[in-house]
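Across the two complexes that follow, chain A remains constant while its partner is chain B and subsequently chain C.
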Partner chain A sequence: MSEVVAVIDYGMGNLHSAGKALEKVASGQQIVITGDPAQVRAADRVVFPGVGAIRDCIAVLRETGLDQAILDVIAAGKPVLGICVGMQALMARSEENNGVECLGVFDGQVTFFGELQSDTGGRLKVPHMGWNQVQQGMAHPMWAGIADNTRFYFVHSYCVTGLADEEVAGRCEYGLSFAAAATRKNVFAVQFHPEKSADAGLTLLENFLRWRP
Partner chain B sequence: MLLIPAIDLKDGKCVRLKQGRMEDDTVFSDDPVAVASHWVERGARRLHLVDLNGAFAGEPVNGDIVKAIAKAHPDLPIQIGGGIRSPEIIQAYLDAGVQWVIIGTKAVNEPPFVKEMCQQFPGHIIVGLDAKDGKVATDGWANVTDVDVIDLAKQFENDGVSAIVYTDISRDGMLQGVNVDATVRLAQSMSIPVIASGGITNLDDVRHLCAVADQGISGAITGRAIYENTLDFGEGQALSDELTSA
Partner chain C sequence: MGLAKRIIPCLDVDAGRVVKGVQFVDIRDAGDPVEIAKRYNDAGADEITFLDITASHQERDTTLHTVEQIASQVFIPLTVGGGVRTLEDIRNLLNAGADKVGINSAAVHNPEFVREAAERFGSQCIVVAIDAKKVSAESETNRWEIFTHGGRKPTGLDAVAWARKMTDYGAGEILLTSMDRDGTKNGFDIALTRAIADAVPVPVIASGGVGNLQHLVDGVVQGGADAVLAASIFHFGEYSVQEAKQFMQAAGVEMRLD
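So, the complex of A and B:
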């Protein structure tokens, strides 16, 4: 039986291209776009994109029971890939909307760029949008075939800081250094958008489908 | 406040898509030039064209039709979006008689492009932003970001764009009413005008927008409503003229 990859669907966004990008790199896996916690639990691996404001994202997860499904999948040792707001949702806490408790898989914080000063003392331009280099913090199967300092596409106003060094899989500089990728056991999460990051992004998705943590 | 009829072009025809899905289209007319003339006769003072093929192919596909519409109405301001991804494309549209081009996907994918185009074609660049609940949406699949649309719009204002077309993606083409609050917040935070897009269903929506138009909403694009007759375009523009000065 072929492996099933679940892409979490909140019922709000258009995830057509999710299926397409993953199918492009899949080798026999079945890609399922679903908002059903049971289907998520039953999957062999899970892709977890986020959506919009973190407060709304977490609220939808809790309402639908998807939060527990994600935690169960992680506890079961299956590979999970968080993307953008999905990465942020895996942290302990976000300062968005005067503070939102997140899923707490990582002990990191989600911080607003605009309150941060750049190295030269100026206020950072928000959002951080466009292509930027990712400095790999470690050798990792998810980085296979991707050169250190490869550029990925970012679009975000909040970023993850405060992770333990061994959990920072990649760093990016935008006035300050933030976690562009985080990992812990069977979880990998990226702040950039692999689906909009050309060949390097597809390679990363392909690596995820092959990853055996 | 201007009501701006939308003419969405696909394969040379005038169509409407449901929630942006290319395969989910309804053909309204085989003759877009006649459609344009129809709206002008009904009182339109600006047209909003979309090259849907261009948006998907990344280059203009309905260029000849755009040219024909501009030629038929030489004094009518026209804005066009869909596949605006190079200076050559912009130049070709301006040469064809279009006044503004609307940069959408490329503005988010490659922000420096907007600034360069504003310098090269000052006064002719509009940026189109899609958002859901005030957060920027991209065409990617983790597709609603954590970015506040106001922060992004301000960046483009600094780059020199003439206006922002703001589309609330949860409402576009679904006849659910305008997200007036989000549109006003955006308009209040900038000095360039906002053109509201998506969700105009009937005269009430026109009335609601007109009530706050002085905050910087210069126009409202309307599509499905005027093709499905839930809004009479002539009545809508007349009401808007009565309620607002512009």
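So, the complex of A and C:
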């Protein structure tokens, strides 16, 4: 039996990219895009992508029972990869949409970039959109074959701060320093889009498919 | 150390075929958007923009199929614009694998469409494309107006005020084309680019007029653009994307070179 990798589909935007990128790097694993909590629980690995507003995301997860499925998979020790809003949803709380309680897997906070200034004094554009460097906070199997300070593609207006140092797997600077990657045990979460980050992103996804936490 | 400026090659696609010919040496099929998108990806392009100029509505399915093909083989951001008029159009493009969708004349006809689109799909995937033309005389303060129909039809809308309004309505990025410069190879309209970049809180892509690599630098350094879009200088092999990136980096612009 080949391993099953579930990509969680909760009806919020473009999962095509994450699914296709995983298919590209898969070696025998079966990639399944699903919104069925039972199928998520049954999978060997789970990818939790996300775009759009966090309030809608969390609301759909709770309605469908996918929130509990994600927590169960994490508790079962299976590898879980959160991407973008998927990473943010794993935090304690987001200040987007006037404040949203999230899944609380990590203690971090999701905060707005706000009126940030660049080094040269100009206003920083929000969303933070484009290729920025990720400073690896630790050696980790997910960073295998990826040089420190490699650029990944970001697009977001809110970012994760307030994590414990040992949970920050990567940092990024954009007016402030925020968590580009968070990890604890079998969970790894990234603010950038590996599925849109060319070779470096594909390497990270390949690492995830091989990761044995 | 920080966010890199982006280089975005633009493909004009008609019924699934790239027009305004791309002339890579040794390319198997110069009209195949998938093949060309792959080439640009390999050359280090930071994103790809795909402008659908298909006139007939029936052939829109071809476009979706093309987007699907590109998205399953090219893993950098893909923006698709041209003829986007309804929320259904946007949904179809995103489902096919587009990361961002460009809205142009539909925004002029109905600005609320941009608001609805941003609320439904998120600002991060809504790019408003603005075609602007200088309307002030030489002796006057610069003023640019929005034009539709490929620069033929004035709308009376002030370009700077319009850009600001579009971002208030939820546009996550502005694709700014100078209709005075488009196709001239004389460089971006720097004053226009600077005026819009300073006026809006979101990233601005400069477009229209690139003839050499210094123009790309000028768009970013003098114009304040976050990204530069070009077609012909890359398509006709005058410069490679990699050459452009190295040139910009040498001029002090932060680029993705890894």
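Methods note: the second predicted complex is superposed on the first by the 201 of 213 C-alpha atoms of A that agree within 3 Å, B and C clash if a C-alpha of one lies under 4 Å from a C-alpha of the other, contacts with A are read in each partner's own complex, and residues count from 1 in each chain.
Note that a residue touches a chain if its C-beta (ideal position, glycine included) is under 8 Å from a C-beta of that chain, and two chains touch if they have at least 3 such contacts.
These figures come from a predicted structure and were not determined experimentally.
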item: When chain B and chain C are modelled together on chain A, clash or fit; value: clash
item: First, second, both or neither for A:R62, with chain B first and chain C second; value: neither
item: First (chain B), second (chain C), both or neither touched by A:T150; value: second
item: Partner chain in contact with A:R210 - chain B first, chain C second, else both or neither; value: neither
item: Which of chain B and chain C A:K24 touches, first, second, both or neither; value: second
item: Contacts of A:I83 with chain B and chain C, given as first, second, both or neither; value: first
item: Contacts of A:P127 with chain B and chain C, given as first, second, both or neither; value: both
item: Which superposed partner A:Y158 touches (first chain B, second chain C, both, neither); value: first
item: First (chain B), second (chain C), both or neither touched by A:E96; value: first
item: First, second, both or neither for A:I54, with chain B first and chain C second; value: first
item: Footprint overlap on chain A, comparing chain B with chain C; value: 13-14, 16-17, 21, 51-53, 125-127, 129-130, 153, 155-157, 193, 195-196
item: Residue ranges of chain A in contact with chain B within the complex; value: 7, 12-18, 21, 49-54, 56, 83-86, 88, 96, 114, 125-127, 129-130, 153, 155-158, 193, 195-196
item: Contact set on chain A toward chain C in their complex; value: 13-14, 16-17, 20-21, 23-24, 51-53, 118-119, 122-123, 125-133, 147, 149-151, 153-157, 173-174, 193, 195-198, 200-202
item: Chain B residues touching chain A - in the complex, by the definition given at the top; value: 19-21, 108-112, 132-148, 151-152, 155, 170
item: Interface residues, chain C side, partner chain A - complex; value: 1-6, 41, 46, 68, 71-73, 75-77, 94-99, 121-125, 172-173, 201-204, 224, 226-227, 256, 258
